[in-house]
Every structure is written in structure tokens, then in C-alpha cells.
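A, B and C are the chain letters, set down in written order, and residue numbers restart from 1 in every chain.
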């Protein structure tokens, strides 16, 4: 029947015209969408490339470093007191440092240590901070009087931590543990604790006033479950972004502490901060010795910052359609 | 000569990593001196973007604007930025939906009003302050002298919108654009503001372009009404014609969707199925076709044109409804209520 | 038979202030003594402007906010006296639909887990498959296909999200659903879909609704009985038709006359009662009749000092105005109130 075919035709045609607007059959979670947006962001890509290169170098360093980083293989060729340095050459691409050690090998192995400090310090700060903040946030979100009191106690403690300068913490820890990589990690990590704690708690408080938490309460969901499965997961986004950004500052701070002499005194395990500290004495005679670690620190920090900022942007609900 | 002519205005947002979005897709209309025109449509139909384009307030980055806008014979879009700024506030003025974010929170109301007067009229000092007080009094703000020294947060929502209107009419503009001016307000305050707007434009002879989603608001206030859908005018008519004989199925559907306070109780609503997301490109056919109960193959093959139907009445539909005025047939409420399905 | 009864319900929020030690410096009288009852299977519409306390009242019924005093009786049980755990269980029979369809759905949950949550916490359904069957069934009821299960709230349009919100309430098979501005966030063309759906579900399941909205036309369309709220109190209550044809409280009259109607013929003939000024602050409500600061029919003395009781003036028609009969009979004339006068700024 003509009328019938016409109807089928127009329904087909409509389906065809609207087809391109249909999403995939599976739903895309926010996480997947965020990741998809990240992949298209030039900022995220450049950040990821830098961070990826840095990670790669850090992992393969011991295998590709041409020489032992602590060995003074060309000790006699370098005379810092007479201003005699050896620049880049065939066997030492980055030249030699003031004790006649291969600068390239030291840079590669240094990447490993710098990364270790950054990651461990950030993890430490993140874990301790998120635990304190999470407990405080959960205590308030549970909505009981004791919860508010527990929160007040934790937050005053956090405020106290904030009041102590990071450097003072580092000096105190160094006094206890002696200068070592651990000292630097703990000091940098502790300085981050209050930031993570405040961020997570604030984020949880904001979420606990949201409509879907009210809706869950109206549904008859118990308060602990609301905190666990609604408030906490939705509050983690900004904290994770902060962790990425913190990696950048942690590497810089670790370098600064090493520079000040709180780092590992063992010359066989170089890190960029200590290298910078060493090089500073010969800034006039061999400025390139300071330049290598300085540029490496700047580029690495930039990579983490770019990645963190891109994540912040793609998680921002205002930019979501 | 019409005061404002908009000819084939289009606005496309070209985001960095997104597909370009055509918010306004060839909007054309004209306004006479003293006319009150309603621009009606739901969210995403392009009505607010149109108003921003008219005022030249769209950002230059990531936005492509096409078409022509003539105000009083002057091509607004080719005007240098300086001239356009001079024109805004003195000849063209705009009020927005949210009066609080349209006012500077740290500057007293009085300074914000006198600023406009100084900028466009060169009024200063006592004269400007007196004129500002007069304006606040004109828009029905009691005790204007005291209000001048107050900050926006000290005023209620209705008072803020009045203050904003005072600023907009400070230089006696010839065209006032109001973008959802009462949407954020309560119904009794809305009545006050609509009353004020209607009285202001009629007594001063100002033209008013009223942008809203509320059919009730335009029914009482506007002379003529343009209905927008997916970035195009789909029906244009006088208000009497539009409400009595809506020709486009979308307009008819909108009227059937709104519960009327005066309707006999128990009268069923006849919703439009689907949502604004169910649309096709105007180039492929009629954007409303996926939600329309009257669509045919013809609706899916070519772009429908705006065709006249009776005096001052135009519609963009190949299968219009209610073409013969008279005893209303089943067409107006003939839509089958269907739920929208997930696609 | 009334399924839900409120008796002298009060919700006062403390206003706290202080730098080191917080103390309570006053109270916001959000809900200030409301009594009403909702018949089983009917719709009670609660209407009022922003700040009148209607949303707080809806939340107080489910004890989502703390009740200061008064009773909320659901099938004879006083919800205000239940323990936290008892109240939590009771919530499977009293559900709520929220204004903001997107904000009231957890962005990280897909539709299935949004709907399953309620079933899980109330122990409904023997197995996952059992629950899923029930969820699919409910989704179909609200007009969503089963391929919605694995999708997330942000992938839906506003109207569809509100359907999810309704399904979430419906899946628990409640007796009462409180709808807080169920359509105000939706586009006009979609509002009608959701309103029709609510009516359809009511007749299919015999639901009782308490609909809270600012839009009089919406409330009148869907309700059997309408209560009008002003500054925390009920000022008038009547059948939906009677309230429209014979409003007795001056505020109701003003409210009805302020609603624009999409019909130029009606609009041109409409007589408006413009009430001047703004809503006074609910932290320091006016003495006497709360509406006396804006009332065009205000009479000296009594209106300023004596708070009018909500009294029955006709069967099923209650009004809180000293002079309701005189105003209806035309014995009192309104003052002309075209110029907006002033009320103290809100705190």
C-alpha cells in the first residue's frame, strides 16, 4: 500500500538523519568522558609527553648510563681551582663535573632519585592528608555532634601544621634522621599534608550539601553508605589534580632541600638538587654544570603542571556540556 | 523605515576541540519605532545569542557571526568598536535575567547609574545625582535618594531589576532589549516589573525586544511575536493571530503544553514528544520534524522557507496546522501524547 | 481517609554568628505552624513564592530537616517521634522527586545503580536479576527504554533525567511522593510530558502526591486541593476549582491575578491586583497578619497586631484573614497600590 510505504520511508529517512546524534550503546561514565577530553587537549598531551619521557629515563637510567655516576674516572682532567673544566665531548656528551665524573650518567641516575623523592613525598602527603581530611569530612558529613567535635580537633591540628614553615620541619627531621633522601621525602611530604587534608575536607563538605546526597537520604540510604559511596568518590577529583600539581612542587622542593644540604650525602646516588648545589660553586667557570639540572627540573615540573592543569580543566563541571 | 532590521543573522560557536555549534541559523526580522516584539523559544533555540549579537556583545574569539543588522539605517556589524560602544547605552540598551550579576557588587547603585549618565550625556556631580534619583523614582524605587548610596546586595531581587531598568533607560534609548527580565523573579514581582516595562516603553515610545520562554508574558505585552526553534524563526505574527491560529505545529504544541490557569480543570495537556536534542540539521529538512506529528517525506528533504499566510503572519512549515480559522478542528490538540524514548 | 497529616508543624533554622564561639542570634521561621491533611490517592498542591517555606515543609515531612515542633502523621504514625533508623525504614513508603533533575542524581552512578540503591538499602528483591527485572519494569513505566540501564545522568535530556528521578522514587512502591518543583527546571514542551506522566502513574498505582511549586497554573492543573503559603504559614486552602473561582485571601487574589495567561484576549481584559513591595525577612516576620505590610485591604489595628487563625469559611475552604467575608462581599475596598512601597531590606 502506497500510504504504508510512504510511512516506512519517512521513518527510515528520519532515523537516518538523526542517526549521527545517537551515542554509543554503552553509557560513557564521567571518568571515561574526562579521559576522552584529556586525550584531545594539547596541554595534556605535551604534559604527558614530558612526564612520560622523564619516567622512561628514570626507569632505564641504570641500564643506559654510560658510566658509573659516582666514579671519578677523569678526576685528573678537571681542576676546578684553576678553572679547568671539560665540556661536552665524544665520550662524555654532557662533559664532566668538578670531580671528573660523567655528567650525563649523573643526570640520568639523578632523574631516578628526583622522581623517587617526588613520588614518595607526594604519596606520603596525599595519604596522610587524605586520611586526616577524609576522616574530618566524613565526621562532619555523618551529621552528629561528636562528628563536628572530631572535625574541629583534626582541623585545629591541621592549622597548627600549616603554621610551621616547611623548612623548619625539614631542619627538625634532618636533625633527627640526619641528612638523607628519606629526610627530604618526609619533609616535603609533611609540608603537603595540610593542603591535601583541607582540600578533601572542603570538597566533601561541598558534596554533602548537594542535591543527590539529599536524594540518597530521602531514599533511606544509611549515612555511612552515603559518605562512602556518594560523597567520597565525588570529592576525590580535585584532590587527584592537586596530587599531580604537587608532584611538580615536590620535585622542586626536594631539589631545594638537597641544595641546602639535607639530601643524600652519598655521591654515588646523585639527585638534581644536590648537583645544582655542587655546580653553584663553579657558576662562573662552568655555568653549564648548573644549567643541566636546572633545566631538567624546570622541564619536569612544567610537565607535571601541564598535566595537572589539563586534568583540572577537563574535570571542571563548568566546561562540561 | 524600520528601526531595526536583522537579515539572515547566524552565529556559530567554534570551540577548540568540539564540533562547531550553530546557535543562530539565519534569523531575520524587523522592528518599527515604538514596537514591542517578543522573541519566544525554549532553551537552546538561540534567542539569547541573537540578542547578544544585536548588541555586539559576543566574544570575538571562537564565534563566527554572519548576516546583517541595521539599526536606524546604520550597519551595526561593520561599526568600529568605539562607535558601537557609544551607541550601546545611549541608543541601544539591554537588561538581563539575573540582576545581581549584572550589577557591580562593590559600587553603590547611584554611582552605577551616574556612570551611564556621565559616559553618554556628560552629566556630572549634583546634576547627575539628581537625574539618577529621578530615574530611580521613575522606575518605582521608593526613597531614591537613600537608595543611591546603597549597594546591590542591600536591594531585593525586584528592586535590583528596577535599578537595572533605570540604568538602561537613563539615556532614553530607542531600543531596549530585555532578555528574560522576569524569569528569576517571583510571580507577584514579575507582574510589577512587566507592568513597569509596558508603561515605560509606551509612554517614552521606546521599542522593546522582549526575549522570553514564557508565552504568557508575551501574550499581554507584545505587539508582534517571533517564535524561534533550533536557531531559526519558525513563526512570526501579531499576538492575536499567533495565539488564536498558530500555524506551525511547534507553536501549536507549545500552546498545548502549557497548563493554563483559566482552563477548565481536567483538560489534558498535549505535550510535544522528545526534547530539544531530537533535531535534524536545517539543511536536511525541518529541524522540528523528529518531534512533529505532521511530518511527511517533504519535511525531510529540503529546508522549509518562511512563507506568508495571511496579513503579517508567516510560518516555516510545509504542513501547517489551523490554516482555516473557524471552528477549531482536531488539529490544534490533535497531538498524540507519546513518551520520548532513549535513543 | 487522610494518609498524611501535619499538625502545627514548625521548622526554625538557627542563625549562628560569632568569630570564636558561635551563638544563636535568632531564628529563620521557615515553617511556622502549618496544619494540613492529604487524602489518600489525591494530590495536594502547595504553592507560594520563594522564601515562603514550601520546600522546607516538604523536606520536614521526610525529616530531611530537623522539625522544631509539631507532628507529621503518616497513616497514624507520628514521623516526628520515630528514631533515626525507624524513619529511615519509613522512607521506602514516602518518596521525593526533586527540582533539579541533574543535581539530584549522582553523576558517577549509572541508571541501574541509581535505581538499585533504594532496593538494596530496603532489602527489596531477592537477587540482582530480580532487582534488575523490577528496575527495567519501572523504567518502562516512566517511558525510558531498557538500554538506559548502563547510561549516566549527563547523557540524558532534562526531561529524561526527571523521569529517572521519578523512577527512583517509584521503584520502592511508595504510598506518598513529595514532588518539589518537579517541572520548573524543564523546558515548556517537556513540562507537559512530565505532568502527564505524574498523573498517569497516580491513577495506575493510586499514589498520593504532595506537589510543591511556585507555578500556580501547574499546581492547579495537577492538584485536587491547593494550599497557599506566605512567610511560613498557610494563608488559604481550598479545592483547586474553588480556589481559582473564589479566592478569599488577599494574597491569593494577588497571586492569581499576577499569573500571565497565554491568551491575548484574556490578558487584555485581565484586572491585576499589584501588591507592592517585597517579601519581608522570615527571620523577623511582621507582627499580626504576616501579609499586612503588603495587603491592599489592610485594616488598621487588628491586622497589625492579631495573627489570623486559619479558619473554615466554607466546607473544605480555609482562610487566614480577619476580613475574608467582608472582602468577598465587597464591603471592603482595596487601597489603590500602584506604586511600589518599601519594606525593610532583607537581612
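Quick notes
As a convention for this text, a residue touches a chain if its C-beta (ideal position, glycine included) is under 8 Å from a C-beta of that chain, and two chains touch if they have at least 3 such contacts.
If you want to know which protein each chain is, UniProt gives these names: A = Peptide/nickel transport system permease protein; B, C = Peptide/nickel transport system ATP-binding protein.
None of these values were measured; they are calculated from a predicted model.
The most distant chain from subunit C is A, comparing centres defined as mean Cα coordinates.
Of the two chain pairs examined here, A-B and B-C, the one linked by more C-beta pairs in contact is B-C.
Subunit B has its Cα centroid 48 Å from the Cα centroid of subunit A. Separating the centre of subunit B from that of subunit C, both taken as means of CA atoms, is a distance of 30 Å. Contact with two or more other chains is made by residues 277 of subunit B.
Among the residues of subunit C, those touching two or more other chains are numbered 147, 151. Counting partner chains per residue, subunit A has residues 23 touching two or more of them. Residues of subunit A that touch subunit C in their complex: 23, 25-31, 33, 210-212, 214-222, 225, 230, 233-234, 320.
By the touch rule above, subunit A contacts subunit B in their complex via residues 6, 9-10, 13-14, 17-18, 21-23, 37, 40-41, 321. Interface residues of subunit C facing subunit B in the complex, by the touch rule stated above, are 49-50, 142-145, 147-148, 151, 156-160, 187-193, 195-197, 214-218, 220-222, 240-241, 244, 254-268, 270, 272, 274-276, 278-279, 339-342, 345-346.
The part of subunit B that touches subunit A in the complex is made up of residues 17-18, 277-281, 284-285, 289-290, 295-297, 299-301, 343. Contacts from subunit B toward subunit C in the complex involve residues 42-43, 140-143, 154-159, 162, 186-192, 194-195, 213-217, 219-220, 239-240, 243, 253-263, 265, 268-273, 275-277, 291, 337, 339-342.
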